[in-house]
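Next come two complexes built around subunit A: one with subunit B, the other with subunit C.
Right, the complex of A and B next:
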């Protein structure tokens, strides 16, 4: 087995550390070259990648469909926002821990009734949770700031970082980049944690529960506890992603996390590749540059942005990408090794359950 | 195994080298730009920007920044300020509601923050001038402060712009909702003494501050109602509370009703009242009373606060001057003719544009952000407003009052004849204790000669 395969499969902790560190360093280097506005978009993509990671874990490896991740994001974001509203300054690490805990707790609350449900019923339950978030945020004005939402202070760039830049726009460039670099590092850490979780006992137990309940029970794996744990972890990741996203936006409002975001997350996850780490990275990247992509498509096709087609262009593009991906690369874009070869290969009509995953 | 380790360390070495290479390239590129010390300022130009709703739910406010642009273009055509042309970049933020669509052409993922980031990091503006929207501008307070960009003449009546110690480079422009409330209270107590007073306001800063002002003014409000709504519904006026609130006021036989609502809601409320056969005296906040936006027959006779002289006021030199300026700008006002009505929106935009240009002129040849802010707080500005525009270390709000005006059936605003005098000007501060000064003198300042 070559060293590259070892790195990708990440079966040892050392190779995981190496892989994540290399990738993070490379992405950080890229942020130094990108213009500040692209850096901001990348930062948003990093936050979304963390959420997709958790979703991928839940749907791909635990087999539980969830449309509730925008809700968990909102919980993490509002937890960070409400705390920031009452405290002038908060250490960043504290905000992240708070978001993880808040997300995890909300995951627990949703999981307890949910783990009895399967398939469309579970999806419906989590959908209801996501749908409830916006009205809840709008109505409990004294806590959530209502329609106006809550404002978080911009991240403070440390002096040693600003000193790396020179020229009249040094401060602005440094500030823009610091937020992007921070988001990338946080994403790197979460990816490392997820890679370890995957290879741990928890991860193996989850996959067993997904594939064969009877075998799992025979092995002494507690079914509902494992499923609940999956939810809690996914929600914790989503909470952190949501808080990071709100820190980047410097605000959290009822419309920041609408129901449609849950569906977008699902789409991005499938596009990237369910149950893979690189799939989550790809999903995040697609998200960051989706705005630019939509603008390009609009100008290429000459569609009027205010027409029905133009206004929903993002949905149309994602929908088309999703259909194409499901037809030609159901395991997501990361699984495409030789796109041309796949096109011409005879496709079996029936797919086993494993392959669809 | 030896081969494996060698390969891994080679990978690590090459990736690190690549990383270092990219980082240093990036740093070198970052440091190579620009010649001037102050962002946005060169010997021959000054670049400023604003995030404004050019499309979408609040597009009716687009002429505000359009008029400001017209003023800057006019000044540029006469050589600019101290040899510098003013370049005004207006980016569409759709009132920070781009995700709702509703005619927004900026793109669904555009936010006020992303547009301000573009202005600051890409266009390197000297300051933001005349950005619009309470929630929209609150969302970029910390970003602009962190990057040292002055946020000037924010178009909103919130008192959030008056925080000199926390945000020293932040300045509002119009009279705050709170001060307006105090003035309304004073007027209602004198003109409609003994009548029952009611209130309908939005459940946000606007409604809350306005209500606070009424209470600070000592008004006894018999029936107060809050509209709950979704941000985008504000423009179409589709709050489900309107029916209930108006019916409550009618049942309680309220005779004077104060409205702190945006035009969409104002129109909705007036329509419902007409249907119910309810006609109290309406007192409407300036922001929600613009006749062209409300466009409702029930508004005729309503009272509001006007910061600018009536457009029919022929003795005011600013009105014909503005007409000349708007006629010259065919890009922003293609259909404006010599007989077109000048609206409150256009006067507003001209108001802050003139304030910016005058401060810039007074600062002289050397322009810095700190110098500009210092000049702004000491200068006495000559603007079209009915009350003096004077900033100071303790006043970053801007205008402090206006004239009580009534909305004529043809939709224009005419000053109300007060009990004893022809035109009464009220000024007051945001503070509860700050007294209300009454004067009969409209502060119509002369147009500076270099601007004529």
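Right, the complex of A and C next:
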């Protein structure tokens, strides 16, 4: 684990603020160096990282599995999108709050029947939800714009920011940079909130419910209320992530939220590491550069990227990665020990309980 | 009345998928999220042999055999290392397998829909100038599905293999002491289930829906809902659940809109689970402390 997660583990709010702020500032600095294309990819990754964070919280901390997060994303995106399409001058903050509330409410609706369900029932139920949500969007064409979706232009670059740029593509470069910075800041805020949630009363109660229901009930933790809470929070994060992603894409369309998106989210979350902040960051980074990564694999293996095989390379790689990670390193990339670090680490006399586990 | 035929025709497919899920669930307590995709993949391998001049029925047999082999291999390679692990692990692995199969199928056979020349006419019969939603193909579809269900039921009820399968699902330790090779039974359960799933996929591909890499997605979801409504433990519940979901979708489709139909299944599931959280046909009492 990196130094900043160690910082977060010191259970003080100040260290969390410090760690998240530092990481956010660092990422902001990186966006100034990266080319505009990479900036837009990074922005998408930041939006997805928010969704992964919610999923990680749900699966890792409350032990409930959801394959419906693409559905929650769609709800948040459509709530924000329908509003922003008609009220282009609304402050962004309001749009984001709208997405969070809508996502959370959809989570509540799904959670009420779902918290009675366990593992596979829950997974199937949420899968059915995300399968039903995009056809619904296609059905009410007058509100949602149907197949073509709605056009959004809420992310306007302020003039002072554009003025920082020169050259023939100043406006486009400034826009890529501005949206990336915005997405990174929003993600930073959400990571800070989640870092606190992990260690909050709800977070601790949730872990207890996951590990030992009977003990939790004896301690006075309300089981179904805690489980519902986990769902609502995860769905709210997904709603915000979906809205941010759609705003970045400048449109909200059903095809942004296919059933396979839930699989992609799950893969990224498992790859990064279930239930960790750094895992969600890693997942977001992998998402940002997955297109570049896949292009590399294609050129390495000599596959034509426009051929059938090339076009489906991402699906194959992601699926195989998901299976391999789950079989051989179920706690994700963050759990894979860095061999160099082991050499330099002082040997503790007693290992902490967490490491033994 | 004609809606009932349409609903039954769709419902038997859901019943088959639900049945295949229940067979695996009973023996290994894994919900196979790749069930639909495995059937789709087997159908691609089998049915594309039509292009090389193999007859329709041989292709069906080939598809089912490939499906069964795929099922057995999946259990041995992907599922076996995960017994005793948290129940999330096999779910994640099978979701990954679903992604791989669909992407592979699109990579090999493209994602354009293939229509397989069906052995029976798809044209609906008419009665007094009105269409009845009943064609020779629909009749074949219903009869084949019912035949498969009866065969599976007979296999479990009347044969020695069926007894061993049921015993190793119910009490693995005792069965092992009595000489049943439990681990082999688990593999056989997966093989049987994958065979049933492959037949469902062949019927779907031969019908008007056609064959494409994601053609089983919606059907898997409906099949899962059917199995869950029936309680995941009960084959009869799965079949009844499938027919119920099929009929409900058909009526929503006829009187409202096809886009709302998937929602109907969810509503049925929610209502059913509210009434009996362990499923309508399950004998198990819930295990709450």
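FYI, the second predicted complex is superposed on the first by the 316 of 357 C-alpha atoms of A that agree within 3 Å, B and C clash if a C-alpha of one lies under 4 Å from a C-alpha of the other, contacts with A are read in each partner's own complex, and residues count from 1 in each chain.
Operating definition for what follows: a residue touches a chain if its C-beta (ideal position, glycine included) is under 8 Å from a C-beta of that chain, and two chains touch if they have at least 3 such contacts.
Since the structure is predicted, the reported quantities are computational estimates derived from the model, not experimental observations.
On the shared subunit subunit A, the superposed partners subunit B and subunit C are arranged side by side without overlap.
When the two complexes are overlaid on their common chain A, residue A:97 makes contact with neither subunit B nor subunit C. After overlaying the two complexes on the shared chain, residue contacts for A:270 are found with subunit C alone; subunit B is out of touch. By the document's definition of touching, both partners, subunit B and subunit C, reach A:138. Look at A:320: by the touch rule set out above, it reaches subunit C but stays clear of subunit B.
After overlaying the two complexes on the shared chain, residue contacts for A:129 are found with subunit C alone; subunit B is out of touch. Vertex at the C-alpha centre of subunit A, arms toward the centres of subunit B and subunit C: the angle is 80 degrees, rounded to a multiple of 10.
In the superposition on chain A, contact of A:215 is made with neither subunit B nor subunit C. In the superposed pair of complexes, A:35 makes contact with subunit B only, with no contact to subunit C. The gap separating subunit B from subunit C in the superposed three-chain model is 5 Å, by closest C-alpha atoms. Across the superposed pair, subunit B and subunit C both touch subunit A at residues 138-139, 311, 314. Those residues of subunit A that touch subunit B in the complex are listed here as 3, 6, 18, 22, 25-26, 28-33, 35-37, 40, 138-139, 141, 146-149, 151-154, 156-157, 164-173, 175-176, 249-251, 253, 255, 258, 290-291, 294-295, 305-306, 311, 314. Looking at the complex, you find that subunit A touches subunit C at residues 59, 63, 65, 67, 113, 116-121, 123-125, 127-129, 131-132, 135-136, 138-139, 213-214, 259-260, 263, 266-267, 270, 308-309, 311-316, 318-323, 326-327, 330.
Looking at the complex, you find that subunit C touches subunit A at residues 25, 30-31, 33, 78, 81-82, 85, 87-89, 91-93, 95-104, 106-108, 110, 214, 217-218, 221, 224-225, 228, 232, 257-263, 265-266, 269-270, 273-274, 277, 289. Listing the residues of subunit B that touch subunit A in their complex gives 4, 7-8, 11-12, 15-16, 18-19, 22-23, 25-27, 29-34, 36-39, 55, 97, 99-101, 103-105, 107-111, 113-114, 117-118, 120-122, 124, 134-135, 138-143, 145-148, 203-205, 228-231.
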